[in-house]
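Each of the next two complexes has chain A plus one other chain: chain B in the first, chain C in the second.
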Partner chain A sequence: MRYVAATTAEEASALLAAETGLAKVLGGGTDILVQMRAGMVEPALLVDIKKIPGLREIKSEAGGFRIGAGVSGAELMRHSAFATTWPGALEGFNLIGSTQVQGRATMAGNLCNASPAGDAVPGLVAAGATVRIQGPKGQRDCPIEDVPVSPGKTSLAKGEFITSIFLPAKPARTGDAYLRFIPRTEMDIAVASAGVCLTFDASGTCTAARVALGAVAPTVIVAHDAAKTLIGTKVDAAALDALQAAATALARPISDKRGTADYRRETVGVLARRAAQIAKTRAGA
Partner chain B sequence: MTTDTKRNFKVVGTRPNRPDGVDKVTGRAMYGADATAPGMLWGKVLRSPHPHAEIVSIDTSEAMKLPGVQAVVTGADFGDPESLFVSDVQEHCMAKDRVYYDGHAVAAVAATSASTAAKALKLIKIVYKPLPHVTDVDAAFAHGAPVIMHHRAFEILPPGTSANATNFCEFGHGDLHEGFAKADLIVERSFRTAATHQGYIEPNACLASYSSDGRADLWCCTQGHYHVRDLCAQIMGMEAAQLRVTASEIGGGFGGKTSIYVEPVALMLSKKSGRPVKMVMSREEVFRATGPTISSSMDVKIGMTKDGRMTAGQAVIRASGGAWPSGTMEMGAQAAFACYDMPAVKTIGWNVLTNRPKESAYRAPGAPTAIFGVESVIDEMSQKLGLDPLEVRILNAADAGTLSSYGPTFNQIGLKATLEAAKNHPHYKAPLGPNQARGLSCGFWFNFGGNTSVSLAVNTDGTVNITEGNPDIGGSRASIGMMAAEELGIPFADVRTIIGDTASIGHNDTTDGSRVTFAVGLATIRAARDAIQKMCHRAAQIWDIDPDAVEWEDGAAKPSGPNAGQFPPMTIKEIAANAFRTGGPIAGHHEVNADGAGVSFGVHIADVEVDPETAHTLIKRYTVFQDAGKAVHPSYVEGQMQGGAVQGIGWALNEEYIYGADGRLQNAGFLDYRIPVASDLPMIDAVILEIPNPGHPYGVRGVGETGIVPPLAAVANAVTRAVGTRMTDLPISPPKIMAAKAAAGK
Partner chain C sequence: MSTIHVSTTINGAPTDFVCEHDETLLDVLRNRIGLTGSKEGCSSGDCGACSVTVNGRLVCSCLVLGAEAQDAEVHTIEGMADGPTLHPLQKAFIEHAALQCGFCTPGILVAAEALLKEKPEPTDEEVRYWLAGNLCRCTGYDKIVRAVQAAAAEMRGV
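Now for the complex of A and B:
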């Protein structure tokens, strides 16, 4: 196996594109190194992207935040402006692994691992985040939810990798939240999860809503029909009942070692409801 | 034996720092994977992807051609040990003509690097003929189940029973029919428990070095290196004296390191290559191919009068210890009703073969699952009769003179005192919040003694070295050193205890059965008395008086009275300094097959909170009450009680071996094999009761295992009371609670 620490995005892309064997990107390494040790993958080339200028920076851009693909959970947690603006997107990311893992793990890595249960993803989807992708033909942007296409697979073409994640400017009276269910209290993988982002008008009526459901389908579900139950309401008990029912109805889970399909359907509704309540409080509505 | 209960202990009962503590927290301690040798090779094992298959052929020729590969072994390299038990152990370590579980070893390679060995494994070509498999205990017991091993069936099988049933036992006394006739209420329930792994942090590892003259050395992490030597010597066709086994520091065992897995494979690879071979199992291998505990299914029936007195009890236990016969359910059948004074009781145990790895001991093997069923039914009957579940247990508790459910009559035991302590503890009366409930359970463990050798050397400066032969898995070097210091009347700091290799002292049974503090402690006290007698002789010699006129007190010899002579006390340091002039080095030793271990009882109280919407269970408060006999080092006694409780909580809530329809283990790692993490637990409060064991000079009882017995039912009873429907299938994971609530219309 070859290991190369690329110094520019173009170089990294060219290396990944030129490799005839299995080429993998090394960010924090909390997935790929574990997979390599377990013998699950044997890359011919490992391209480390952390030395590329800007990839470990958090920048303000157009009222929002651009987060380099190499930024760790611990680094993002300490960025107080981001943490107070997008607490929901951050809390999902920070739930991954242990304190030690947080020192290395990246949002982009969690996204590209393409697990339906990735904790960083639903919060980003709810927040309307986008990714910037470097490829052999240059850069392109796309919505977060378009990156994973099935468990373990992404829409990234050969030679492409994510250089940053962008969270847009947050509208006034907007709050976000993420909740997951695990049988333990930490160090576990989501059995079901929900990210919710709500915007209210001055009268306390919900004007925009995004709901993302995790671990209940091959990829995160962008639950438009669940979000619609809240728009135009005060997100009161009746609206939350409708949200819970809609989230449960939209879930398409499987039964596996982590939980039954019936259990996941019920629980994802409960989580969506509870996340919406938190988002509402955070929006100040 | 007389127990010195009035003794004014000076060292025993204090809490000095453990002698292995600094090495362990600084990384200096040498664990199984830390052993190295010049010219060492790395061994790796190829494992079966099939739960049950015939091995049609194995072609290792391509692997042998890979540069760096020094040896390949398969089942064909091993002989047929005379003992059926050893033959089973060997076959579990390396398959012969069939594989019996997902992860069963089929070949192994030794190479100059671990990566070369891994590469070589991929070059081994194996043709399997898959066979029908069964991994579920009830399915394996049913008529028509795939038969896993022929000629191992129990001789008298009831009609319709699968030939997989291999072991049978029956215990009890009294007239069940009459007992149930006297009952005002009879409850009969069925229960199931999943196989759980001991979850030790240190994966199994060893270094084997086989010399060309037929001698060998083995370094490994184990709970019993004498047992490892006996097994490996028989498998390798060696005489015991030619195989020396040294135990490393151990990163947890809990019963799981009482057998062998890679050790004979490493020895065979070393023999074939002529080089030392090191093997370290991965976490996945530990889960797939070392022994978890039994999986079980059981039916419990109890009769009770309306005021709570049990009139009769019956339990039928069906357990599986994997693909080879197992007697673990016998201990469950004995323990099931051991806490109670039963007018009539009968327990029956069956073992059935399944396509799973060979079961290994796990902390009080057999008892937690059996007692889970009994304690659940007692809780249900208390609810139905409107009685306090603790009072019901006090009313039925076994006491001195009780004919136990498994045969012996109890002598001095501490269950009633333990129950009274629980009843009077603030926890039992503390108010509960919304969605919270309280459960409790009793627990029992036999405790063992067994074969033990201890050598105690008095150094020329008067300090003492103890050599014993039991790997220290729970702070035993501290407690053994403390008992020696107590007996000799010297400071604990003057004693260093080491664990010798198999060539250094006589035989020692494995560190299991909560036997070490009891049996090694007993042998240590007697070895100290042996040394004291010799030191008194040396003093008598110097004073020129009759040795019988010398006694030992506070670390010194002194004349037993004014008539014996007027001499100031002669300290151990003075006697030791003169040893070479008074007859030579001074040492004490003792060899014993220790009897009188003294049974142990515990009572646990668990408060849980169950989320009504997600069925998430949180342990809010937990208190352990246990009869420890004399607590030599109270902190380590508390540690044992807390550790047992935590493992039992994991067993109750989330831990389980999950096999797919394909017969393969789906959760071979700590991510999906969910042991509790620190934040899942409150501080486990531990209340030690000291009811002296008449079988030990200081009254010591084993404390290591009882603690894992009560949590299964204590947690299940609490969750049952919180959700309003009885939980009978462990683990009580959130999906099971939600489904049970839905089925009960709650």
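Now for the complex of A and C:
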């Protein structure tokens, strides 16, 4: 294997594109170095993107935030403007691993590892985040939910990688939240999870909603039908009942050692309900 | 396989080493530099025995490549004591019997030092959360938390 620290995004993309063997990006390494050690992946080339200028920066842009693909959880949680604006998107990311893992883990790595249970993903989907992709032919942007296509696989073409994640300006009276369920209190993989982002008008009626469900399908579910149950309501008990039922109905989970499919369906509905209540409180509605 | 030449700073001392491209920083520290204080418990980021700081940030050195240390500042347990003078955390761990076999201790000390740099007066809960990625099979953690709090108090001068 060859390790190369790229100095520009163009160089990184060209290196990834030119490699005939398996070429992988090295973000924080908290997935890929474990997988390499276990012999699950054997890249011929590892391109470290963290030394590319700007990739470790958090910038304000168009009222939102552009987060470099190399920014770790430890760095993002200390950015107080981001933390107060998008607490839900941040809490999913910060649930990953320990203090040590947070020192390295990136959101782009969590997304591109493409685990159905990636904790950073539902919160970003709910917030309406997008990724910026550098490829051999230049840059393109796409919604977060279009990146993972199946467990361990992304839609990125050869030579493409994520340079930043963009969270848009947060509308007034908007709140977001992320909840996951794990059998332990720390350091475990989600059995089910939910990210919710809600916007209210001045009278306290919900005008926009995004709901994302994690660990209950091969990729994150953008639960439009669940979100719809809240729009036009005050997100009261009846609306929350409808949301819970819709989230449970949309889940397509598997059974494994962490939980049966039935258990996951039940759990994801409850998590969506509770996340919606937190999002409502955070929106000030 | 070809090797890579790396220039870095370890515990304040400019250091050069040559390593394999896929060699971890933990293996470099232990096998090439002779700094065997950082321990290998799992090599998968779960146990924290290999904790070091890189550019001030607490990480598992088993999940960092040696090659990534180019131009970085690495701090290990070997840099903690000032010559023969132990760090307040090291003294507190001895006084409070916060270790038995000692395998987890270097990682916990490095992690606790990073915590107290950022939060000189942590709550017990904050100590426990911060150290959640440092596993100890012997002590039951309680003495570790008490030792960290005693060292924190001493370092605050109370």
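Throughout what follows, the second predicted complex is superposed on the first by the 285 of 285 C-alpha atoms of A that agree within 3 Å, B and C clash if a C-alpha of one lies under 4 Å from a C-alpha of the other, contacts with A are read in each partner's own complex, and residues count from 1 in each chain.
In the analysis below, a contact is a pair of C-beta atoms (placed from the backbone, for glycine too) under 8 Å apart; a residue touches a chain by one contact, two chains touch by 3 or more.
Since we're looking at a predicted model, the values are computed, not measured.
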Tell me which partner A:T267 touches in the superposition: chain B (first), chain C (second), both or neither.
-> first
Touched partner set for A:F181, first chain B, second chain C, both or neither = first
Partner chain in contact with A:R2 - chain B first, chain C second, else both or neither = second
Kindly classify A:A74 by the partners it touches after superposition: chain B alone (first), chain C alone (second), both, or neither?
-> second
Name the residues of chain A shared by its contacts with chain B and its contacts with chain C.
-> 38, 186-187
Going by the contact rule at the top, pick out the chain A residues touching chain B in the complex.
-> 38-39, 181, 183-189, 191, 256-260, 262-263, 266-267, 270-271
Tell me, which parts of chain C touch chain A in their complex?
-> 1-2, 4, 21-22, 24, 43-46, 48, 51, 54, 57-60, 62-65, 67-68, 70, 111, 114-115, 129-134
Touching residues (chain side chain A, partner chain C) in the complex | 1-3, 5, 26, 28-30, 33-34, 36-38, 46, 48, 50, 72, 74, 97-101, 103-104, 186-187
Within the complex, chain A is touched by chain B residues 118, 282, 284, 613-616, 618, 653-654, 658, 666-667, 671-672, 674, 676-677, 679-680, 733-735, 738-739
